[in-house]
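In what follows, structures are represented as structure tokens.
Each of the two complexes below includes chain A, the first together with chain B, the second together with chain C.
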Partner chain A sequence: MKLAFTLSIKNIFGAKLRTFLNVFVLSFSFVVIIGLKGVMDGWDDQARRDSINWQFGQGQLIHEDYDPLDSFTILDGKGLIPENISGLTPILVHQASIYPQGRMLGATIKGIDLSQKSVLLPTKALINSKYNYPVIIGKRMAESSKLSIGDEVLIRWRDKNGTYDANRITVVDIFDSNVPAIDSGQIWMSIETLWQITGLNNQASFFIADKNYKHKPINFWKFNSQEELLKPISDLVAQKNGSQSVIYFLLLTIALLAIFDTQVLSVFRRQSEIGTYIALGMTRQKVIGIFTFEGSLYSVLALILATIYGFPLLAWFADVGFAVPPADQKMGIPIADTIFPIFGLKLVFGTIFLVLFASTVVSFLPTRKISKLDPILALKGKKQ
Partner chain B sequence: MSKGYPIGGKTFMALKNLTISFNEGEFAGIVGPSGSGKTTLLNIIGSLDKPTQGEAIVLDQNISDLTHKKAAYLRNINIGFIFQVFNLLPVYTVYENVEFALLLQQYSGKERKKAVMEALDWVGLTSHANKKPDKLSGGESQRVAIARAMVKRPKILLADEPTANLDSENAHEILSTMKKLNKELKTTFLFSTHDEKVMGYLDRTIHLRDGNIEKDIIKKS
Partner chain C sequence: MKLTLKIILGFFVSVNLFSQNKTFPTATSVIKKIDFNMLSKSQIINSEMIVYGKRKSRTIRSRGYSEGLNKNFTEYLYPEREKGTKMLRLQDRLWIYSPSTDRIIQLSGHLLRQSLMGSDLSYEDMMEERKLSEIYNATIVGEEKIEDRDVWKMELTALVDDINYFKRILWVDKQRYVPLKEDLFAKSGELLKRISFYNYKKTDGRWYPRKMNYRDMLKNGKGTDFIVNEIKFNVSIPDQYFLKSTLKE
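Here is the complex of A and B:
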């Protein structure tokens, strides 16, 4: 091992510029892969955290006819609140239209229990309001409907019998959430007010569970755990991550190709040296081992170089975060203004393992030629 | 034994039904023109090659039966090589080049240091221990090669045209050194050469021509 190490170090440092270029390209791959994956992990973490805090709580008990992704199920997807339940915040979903500045906008009214603590919605703002129909909306809804705190707007809905009714609601608070599903086109009001104006007394479309909720099967209602609810988000991030893998693959391929070429050149140019090793009593396997070790040492040096400039760079990146362009924030998935990358041990060590393993494999492949080399011709320096 | 090489659909016989034996501690040379088979014979004795017919027994081991691993072991422990173009490892210093043979045998650090310094002393290069091969003259390089070959105290030392790249003075110096080591360490030295200077030092001269032994002359002491 000492022999392989000293020989490799001397050969690698002897190659100067070629070594530096190989090591630098590979270290760049290290830093970029860890940096980009850190952003994705940061986004995944932020999206999951925000979705739990603002939308999903500890899970949702959903009426069997209600599909949050299908607006056609809103009308029938509701039922009477089951008796003897605890740890659940009821939400009633109802369709409406609002008329800000004379324009008509489709909206979804969501009635929520004002004393809830399951999610971060500022429902307290609706308690003891001086207005008849106080509501809260999110910043996206406020922006699209051009509404501000204190604004009144006409709202029209149909009651349980299908009869149109209308009144004026007042915006008492605008919340800032990264979760578009509770913001875009949504108007939040007291569930009791919604019951009152629609006649859908004691009904709910779904419930948000808090930490005290213990699920028992209830007829007509199905429970979706937190993980089930978060799965589409994780799947989306995983899909994005997958598409980014093309970049990792290209970067890594360029770096590994450089090592591969160096190894091919090394085995070709150093045949006399290989012949000498064999003549001095080294087995071919040992010579292959030395050359493979030498090639994989590039990745170790790249790791050291990446640590030198990548560690402060990524630490700074984790601190200032990655600013998300405004257009991306309207994609319909939870994205914060700034994503703070997360560089977990799994990510760092996983990347290190991947690069070390891949560079060892590409270092080994050209050295297989050594096992077929004629040592006599090699000693004479005749290229084979 | 015989040794043939396939060339252009035919077989070129480098050695033809050759029978020869060497005794322990001999200072012998295989001489002859280019293509006479001297390097081939040396390579077979050094277990770098195998005969196509017959047997080559080196230190009681049949070369034809040796696996790559066993052949490597035989070379590692018992056989030293000296080449025409020195074949020193360019990234290593003189000291490390000589030490290399001992690293393969996994000597301890202390043992290695003692043996390397002794080997460098034999060839008068202790002051050059930290130099790289590219800073040495041809004669010095060949002396390092001798030290590298002898440091492990092999039973056999094979030298393929060791003086071919040296001037007369350096050639005589190298040969004197080898002759001295042969006497002191009882190592068997086998040369392949067509250099008259070398022949003058040999105790036994085997003349090869076209793969056959032409003459086998033992010098009377």
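Here is the complex of A and C:
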């Protein structure tokens, strides 16, 4: 083993530029794979955290006829608030149109219990307001409707019988959330005000659970746990991760191809050396071992090089984050202005293992030829 | 003496009643006459809708067939982009066929509140065709003049719960019993829509406007003109026009 190590080091450092190129390309793959995967993990973490804090709480109790992703269900997807429930914040969803600056915009009014603590929505701003119909909106809604704090806007809705009603609402706060589902096209007001203006007294479309909620089955209502609600986000990130695998594959392929070529060249050019090893009594397997070890040493050196320049680079990246273009933030998925990558142990060691394993396999494949070499011809310097 | 007094009193009462009948008919009888003019057993209508936008206007031509208050079939003829689009309303259900997708979709819920082809009319506005006399309580609140015509100003308040507009104000032509202007209000009293009626012509014994302007009063803009090019009342329309399967033909 010691002999193999000494020989490998000598051969690798003897190759100079070829070794440097191999090691650099492989180290680049290390850094890029860890960097990209770190961004995805960071996004997953941020999206889950924001969704829990702003939208899902500890889970949601949803009326069986209401589907948050289907606006057709808003009309019928509500029911009377069940009796004797605790740890739940009721939310009633109702459709409306607003008319900022003489334009018509479709909107969803969401009535919420103002004393809630399940999510970070700043509902306290609505308590004791001097306005008749105070509301809060998100930054996206404020941008699309061009509304600011203190602005009054006309809103039109239908009551429980379908009769049009209209009045002026006042924006008392604009919240900054990364979750478009509680922001885009949404207007938040007191649930009691919404009951009063629609006649849908004591009704709710869904509830957000807080930490005190303990679920017991309730007729007409179904409970979605936090994990169930977060699944679409995890699935989306996993899908994005999958599509990024193409980049990882290409980078690794380029790096491994370089190692493969180097190994093929070594076996071809160093046949006299191989013949000498065998003539001196080494088994073919041992010679294959020396060459394979030499090839896999590239990945170890790449790991060292990647640590030298990659560690400070990725640490800086984790600090400043990855700025998300504004267009991507309007896609309807929870995504922050800046994603801060997370480089977990699983990610780092997983990538190291993957690259070490792949480079070892790639190093081994060309050396199989050694087992078929005739040592006499090899010693004579005849190429086989 | 008593008999003379009764005769004189009777004379004045009858004169007063007669004069009231001449100038102020009951509001209910007025809206019944409006219903007679504006609604019919069946009608075929060739129309044009001009939607005024910020920069330019669009013209949409269509032919509509309706029977009673619950059946309506409309086929769009122009522009090329809308040509072949068909719409069928049966009771409170509405289907639209689009030739570009070759699909029939049913509109319900909030989609019915969307604008009809970008106009100031919503699908729901088009769907409400109940008789005014059945769903509103009317009172005559005054007399005015609109474009040199004497009109009664009437206030209509909802009699039923399931109604789009809680209150309407109508300016009704005293001679023809047709509205010249109509304001539609929300429950809060906010003015939501204004319909102006122009160019009334008599066809088959009823006065019908040849041009209407619908304007969403909460939005900026000139609204939407609805121009009637040709109308036939009480004609026989084959049942097949009101079948869902006809939409794809």
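As a convention for this text, the second predicted complex is superposed on the first by the 384 of 384 C-alpha atoms of A that agree within 3 Å, B and C clash if a C-alpha of one lies under 4 Å from a C-alpha of the other, contacts with A are read in each partner's own complex, and residues count from 1 in each chain.
As a working rule, a residue touches a chain if its C-beta (ideal position, glycine included) is under 8 Å from a C-beta of that chain, and two chains touch if they have at least 3 such contacts.
Predicted model, so just to flag it, every value in this text is computed and none were measured.
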{"item": "Fit or clash between chain C and chain B when superposed on chain A", "value": "fit"}
{"item": "Touching partner for A:71 - first (chain B), second (chain C), both, neither", "value": "second"}
{"item": "Touching partner for A:264 - first (chain B), second (chain C), both, neither", "value": "neither"}
{"item": "Contacts of A:236 with chain B and chain C, given as first, second, both or neither", "value": "neither"}
{"item": "Chain B versus chain C as contact partner of A:95, first or second or both or neither", "value": "second"}
{"item": "Chain A-centred angle between chain C and chain B, computed on Cα centres after superposition, in steps of 10 °", "value": "150"}
{"item": "Which superposed partner A:162 touches (first chain B, second chain C, both, neither)", "value": "second"}
{"item": "Touching partner for A:14 - first (chain B), second (chain C), both, neither", "value": "first"}
{"item": "CA minimum distance (chain B, chain C), superposed complexes, angstrom", "value": "73"}
{"item": "Common interface residues of chain A - those touching chain B in one complex and chain C in the other", "value": "none"}
{"item": "Chain A-touching residues of chain B, taken from the complex the two chains share", "value": "43, 46, 48-49, 68-69, 72-77, 79, 81, 83, 85, 87, 89-92, 96, 100-101, 103-104, 148"}
{"item": "Partner chain C, residues of chain A touching it in the complex", "value": "71-72, 74-75, 95, 97, 99, 101-104, 106, 154, 156, 158-159, 161-167"}
{"item": "Chain C residues within the chain A interface of the complex", "value": "108-111, 113-115, 158, 161-166, 184, 186-188, 190, 192, 216, 218-221"}
{"item": "Chain B-facing residues of chain A, complex", "value": "2-3, 6-7, 10-11, 14, 272-273, 275-276, 278-285, 375-376, 379, 381"}
